[in-house]
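What follows is one structure encoded as structure tokens, with my remarks underneath.
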Amino acid sequence: MLGLRRLVREALLEDVGQGDVTTKSTIPDDLRCSARVFARQAGVLSGIEAFREVFEVLKARVEKWHARNDAEHFSEGDLLGSFEADAAAVLTGERVALNFLQRLCGVATLTQQYVEAVKGLDARICDTRKTTPLMRTLEKKAVMHGGGVNHRFALFDGVLIKENHVAAAGGVGEAVRRAIEGTHHLMKIGVEVTTIDELSEALEAGADSVLLDNMSLDAISEAVKLTVSRKVILEASGNVTLENVRAIAETGVHYISVGALTHSAPSVDLSLLLENA
Amino acid sequence: MLGLRRLVREALLEDVGQGDVTTKSTIPDDLRCSARVFARQAGVLSGIEAFREVFEVLKARVEKWHARNDAEHFSEGDLLGSFEADAAAVLTGERVALNFLQRLCGVATLTQQYVEAVKGLDARICDTRKTTPLMRTLEKKAVMHGGGVNHRFALFDGVLIKENHVAAAGGVGEAVRRAIEGTHHLMKIGVEVTTIDELSEALEAGADSVLLDNMSLDAISEAVKLTVSRKVILEASGNVTLENVRAIAETGVHYISVGALTHSAPSVDLSLLLENA
Amino acid sequence: MLGLRRLVREALLEDVGQGDVTTKSTIPDDLRCSARVFARQAGVLSGIEAFREVFEVLKARVEKWHARNDAEHFSEGDLLGSFEADAAAVLTGERVALNFLQRLCGVATLTQQYVEAVKGLDARICDTRKTTPLMRTLEKKAVMHGGGVNHRFALFDGVLIKENHVAAAGGVGEAVRRAIEGTHHLMKIGVEVTTIDELSEALEAGADSVLLDNMSLDAISEAVKLTVSRKVILEASGNVTLENVRAIAETGVHYISVGALTHSAPSVDLSLLLENA
Amino acid sequence: MLGLRRLVREALLEDVGQGDVTTKSTIPDDLRCSARVFARQAGVLSGIEAFREVFEVLKARVEKWHARNDAEHFSEGDLLGSFEADAAAVLTGERVALNFLQRLCGVATLTQQYVEAVKGLDARICDTRKTTPLMRTLEKKAVMHGGGVNHRFALFDGVLIKENHVAAAGGVGEAVRRAIEGTHHLMKIGVEVTTIDELSEALEAGADSVLLDNMSLDAISEAVKLTVSRKVILEASGNVTLENVRAIAETGVHYISVGALTHSAPSVDLSLLLENA
Amino acid sequence: MLGLRRLVREALLEDVGQGDVTTKSTIPDDLRCSARVFARQAGVLSGIEAFREVFEVLKARVEKWHARNDAEHFSEGDLLGSFEADAAAVLTGERVALNFLQRLCGVATLTQQYVEAVKGLDARICDTRKTTPLMRTLEKKAVMHGGGVNHRFALFDGVLIKENHVAAAGGVGEAVRRAIEGTHHLMKIGVEVTTIDELSEALEAGADSVLLDNMSLDAISEAVKLTVSRKVILEASGNVTLENVRAIAETGVHYISVGALTHSAPSVDLSLLLENA
Amino acid sequence: MLGLRRLVREALLEDVGQGDVTTKSTIPDDLRCSARVFARQAGVLSGIEAFREVFEVLKARVEKWHARNDAEHFSEGDLLGSFEADAAAVLTGERVALNFLQRLCGVATLTQQYVEAVKGLDARICDTRKTTPLMRTLEKKAVMHGGGVNHRFALFDGVLIKENHVAAAGGVGEAVRRAIEGTHHLMKIGVEVTTIDELSEALEAGADSVLLDNMSLDAISEAVKLTVSRKVILEASGNVTLENVRAIAETGVHYISVGALTHSAPSVDLSLLLENA
């Protein structure tokens, strides 16, 4: 991943700065240790590459590296990985490494719960741009590790006309037409609507994908019926929870986007244990 | 805050990159808008400076800025701020600005719940280093906005000997003595213990602050009694929840540190509404 | 344009480094000058924002700024802009400012010649990724100023399966199917083909856009006929020149992409004249 | 070359950003390929180091690297280099690598044509500061690969008093005297003149090198005669073309500087072919 | 040391920029050399890691590296290190490498003289924040190599209330109380005083460490007596010289901080000799 | 000065990092102060621009700025400057601002002493490349403020063949000839020699400037005689002190370069006094 090293280095600078005063004063430079990462609760793994990169940046001289793969499910108490390295570097990098790993496992694990909730149905669970600043690439990977799919990465790789664009542009149809004219020919045109009327306007103007924002189950079902014979993609969004996601999926929409996957996933509790090697 | 501009610029580069294809194609360059931020749920405000900085970096020509202050409590439906600016810049920056604000309000709000739970007692709620990579300064401020206090910022501004250091150094006492010798004279020595015996060893070696990690209420109470006549600071940590935090506080410890404040705070739901100015 | 200041600053560092030894030794600090930019040959304007930014970064205290707009056509001898500023800063920044402006006018001017060559036909002239390293945003804007349209910006904002992908993936159809599955739902799938058979394979697999690479006029015409009733976009590419571009356009393809717009456009000759103010 | 890695990394960030959506979705991670670079037209090689660096930055695991050396001449159809590497990385980096190589070969090739045009005469072909922003080091090397020589690199490593300096300083002689006084003792003083009178003034003031700007062949010849017994360097510049460069060289000037070498050199057409290894 | 590579690279960019014109023009690329570093005067070694890093950044292909360790004492004429490497890279990096090494040896050597001057007494010699911009980490290490101890690193890792803080806060006691309240619980509170009255006020308010600024020997002695039975740290500072430092130490203060260690240490004269390998 | 802001920002990051814990906890945000800088010893001013930039970067809202100019001489007790600003920002930036100013005044002051020592003679005092990493631009300016002149800035803006180049190239004459051939035509060729024979060899080969390294007064005088009728520049260097510099100057050399100006100048003692405004 282009940019991972820089991200990890910045994170280390934030936490280590000019030096880890505790480790420097208490741990001999030449001490080697064996380290093991355990899960304190069940979940789905994500972020193992960033975890390891922390120790590479710190030049911990990692050896005997064993780790589970991203996307693997784990239970409470499971060993997720182990390695040998310089004790001082492991102690210095431990928190940053776990901060990455716990957060990303959290995203993967919550995603997996949503995916599980719609099992057997066609709808796919996808993420949003409601990610943590500077963590988007990693968080979007975590969504995939949890079984979800990615939405557009950012503002530059997909057109999605939101309610505020519609208001400023003077209507759904006008906004869609401008977007078709103003973007390159490999981009589809997505647009957010809140009523069946707006949906019709979007379709007429040539939208390729329509996001049904905060609409009732009935309205979503009607939207699905209206478009069943057209090559248009339907996405539902807004107030999606683990409780209502299956009902939404059952309407027949193709995608359900869930901001909580990245903005409100609780961390998965992990621990790193050291022994002198 | 030294570094805020750079952080915001990086976050914008992540989301905007070489351009917001939707806004560029649908919104006229010279359109001005009035924008208002509403709370969709109750909470505590934090991050308003970062929120605004997004639009400064985008040169949105912000005018008529009104905003509530960080640390203020708000209810569902409250207006949190309003301003006028270039519509295109607001549409481009909206998501990044809200990503900062929602997350930081989330931290402040969760902190406030913990602080409320120990109301009337002496124990203070404090944060940990379990923060989001690159967001630590903002998240630590959010903890303060929620009524909590900050622990050490990072590895460089406070000594805290953890279990893994003790293991590598060969005992609590030895680790404390090395730290006293090896750090500058304006630093206190903090150490993590898990038993009363270790506590005694720490005190004897000269520790200024002791973190009682994952100890039972009874053990914590005993630790408090043991140290009542000494000038040592006691901090409890590990598996703290909104349910048990008051009981912990009632033991008489000075600080209760809660990782969840920063690693598992759900975002507060906010919305930004635009109208053509 | 997010990033323009940094680009200009880097360009100035390249040329100015720790100081312009000629200007520092010969020009008084407090001398003001009036500067005028003239065209030494006809062309289309592009890059005026970067031109000006050079003097902003140098803190030249620019006043009385007048300049033509990007996309305007000009003749030999025309005045393109004028301003007053500190003489030393103008002398130091002159070359870098003109290096940007001459190159970008070159791109706009060549683009305009291609656009003129297909006048009255439906085909649009578009650019490629054969741009100068680090100048892509500016060069793509120059293509628009010349009347062309932009293709995808980069590898991240559009799928275009090239010949080498097809070879590695084991066939046009297989590659298209993988891309549909593996990218987000706001992206169209573009694919490059060299024969009518591959075109059919691409269509069958669900491609949204097909690039006809280096195909004969007859083959292109056949491709247009084959797809006339389908909602697929056709783009021709390869060995396009000012001589043959009209014939290609007459086949009915929607887009003609021309690498030369950015990789081989000669600079437009401009001059900057100074007088003491 | 100090700084090459950073330049290449920035160029890759521009084109690859958070990911190459086509390659990621169509090419298996573990696929190796063999790649060959061919010339589609004759030219002079330059830029092979930058070409390779692209794949190093992408960690393509390059093996069996064979490549011609910079400054070698090649014919249409020639194999310029070959290597084995990870297919995905090669596909992702191909365009950036070729963008560097094609442009630099273009500069070397055009330079070689000018050098060939003055063959047998003493005049040397040299470059100017009319280079592409951020590409100067590479472009100046390309000029050398084509048989030319480099002029000063930038504003910091040579004094060249231009027409605008003369105007601001109040005369050729005054400007030269100030420069002698104001720069360190390892720098020669160069000055641009447009008449024989100015040349005399420059010599009298102590100029070491004189640039004859846009002067007629007769005037250049007169300048050569005037200075034949002095240790002064003469350089001709302005409106130099492949047609008139030999006539200029025959006057006996020491250097002929040609902006077109770097600002208007068309790219040399190259192709990269992949096969699964 | 996290950040050393970047510091060295920046220092090289400052001195080498786009190229070392002397070495490039006079030294063959493939020439290897053997290099030796000699001391032209006695001193204490510091900075050997930065010295070597210069040649690593320049890719000098260093072999047969032998060097004395930081903190070792050396005499005039001593060989401090030797290695083989590419001659061109060594010639290009020599000055920057020595600039680091001479300066840091200077700091270590001056520190050692102060430490020697207080030999046998309990007072420790420590540094200040009067360091060279961007060199603090290296200079603080040099102080340790010379036998001194480090004070707080910077403004973020220790509380030290200075005279100007006291003035702005309205008194020593008030400032100390605010600091206790406003900083995290692992920090001691240090405060600067200039009279015995202020010392009393500081102690009463709860200061952990007191800096006696520019006080007479008598006043310092009185301060020591006053605090002999308390757990407070006393530091003397201001106008400390090699002549008066022992007298200050004899008062019984714990620390003597000396700005000159880093702001006025003369460089130690070293030379680097090359021979063709 | 291009780059000053970045240098100052980095210096502040080094000292302030995530926050000045003392000032934040003791000083109200809205307190304004008046600040005055006094000299505690006589000297020459340099660095006032960097000093001020510190408070600009910290957004101290500076008003009523009065300051002496660089190059002015001052006596003990003199007021060097005064301003009003936010008290917290002044307290936070004070040390970094003074670290710049004291060091640069130190360089200017020592330079002035050397210049004074050769008063009335033609020799000029110049600096070397023995500067502090990343401070070269500022230190070279300080040398000028002290009345000295600058030598080449770095390796890229002047040819100076040193003893080690001569050894690697195989002789003074050979090295000079290579340099003439291999560098651009606006550069003079400087070479270091240690004997009269080498001087002759250098002159014969065409050197423009000769550095007499560590030669005796007699040898220097002989060198002056030998070259009196030639247009060659003579520079003396090596073991120059305030005691022997006048004797060296009396030989008639044009330049005397002194490494100590930048590598061993003691800081000038300054103080900053605050009062609440």
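The first chain written gets the first letter, and so on, giving A, B, C, D, E and F; residue counts start at 1 in each chain.
Going forward, a contact is a pair of C-beta atoms (placed from the backbone, for glycine too) under 8 Å apart; a residue touches a chain by one contact, two chains touch by 3 or more.
Since the structure is predicted, the reported quantities are computational estimates derived from the model, not experimental observations.
Undergrad: Touching both chain A and chain F, which chains are there?
TA: B, C, D, E
Undergrad: Based on CA centres, what chain would you say lies at the far end from chain B?
TA: Looking at centroid distances, D is the chain farthest away.
Undergrad: Fit chain A onto chain D over the CA trace and report the rotation angle, somewhere between 0 and 180 degrees, nearest 5.
TA: 120
Undergrad: Based on mean C-alpha positions, I'd like to know which chain lies farthest from chain A.
TA: Ranked by distance of C-alpha centres from chain A, the top chain is F.
Undergrad: Over half of the interface residue numbers used by both chain A and chain C, so same, or under half, so different?
TA: Mostly the same residues.
Undergrad: Taking the mean of the C-alpha atoms as each chain's centre, how many Å separate chain B from chain C?
TA: 45
Undergrad: Just the number, please: Cα centre separation of chain C and chain E in whole Å.
TA: So the centroids are 53 Å from each other.
Undergrad: Nearest whole angstrom, what separates the Cα centre of chain E from the Cα centre of chain F?
TA: Once rounded, the distance between the two centres reads 22 Å.
Undergrad: Spell out, as numbers or ranges, the residues of chain A touching 2 or more other chains.
TA: Expected reply: 14, 16-19, 21, 136, 153-154, 156-160, 187.
Undergrad: Show me the residue ranges of chain D that touch chain E in the complex, using the header's touch definition.
TA: On the chain D side, the touching residues are 2-3, 136-137, 153-154, 156-157.
Undergrad: Note which residues of chain D are touching chain C in the complex, please.
TA: So the residues of chain D in touch with chain C come to 7, 10-11, 14-27, 31, 33, 87, 90-92, 94-96, 98-100, 102-103, 106, 129-136, 154-162, 164-165, 167-169, 175, 178-179, 181-183, 187, 259-260, 263-264, 266-267, 272-276.
Undergrad: So in the complex, which bits of chain F are touching chain B?
TA: Going by the criterion above, the answer is residues 9, 12-13, 16-19, 21, 57-58.
Undergrad: What part of chain B is in contact with chain E in the complex they form?
TA: Listed in rising order, the residues of chain B that touch chain E are 126, 149-153, 156-160, 184-188, 190, 208-209, 233, 235, 254-255.
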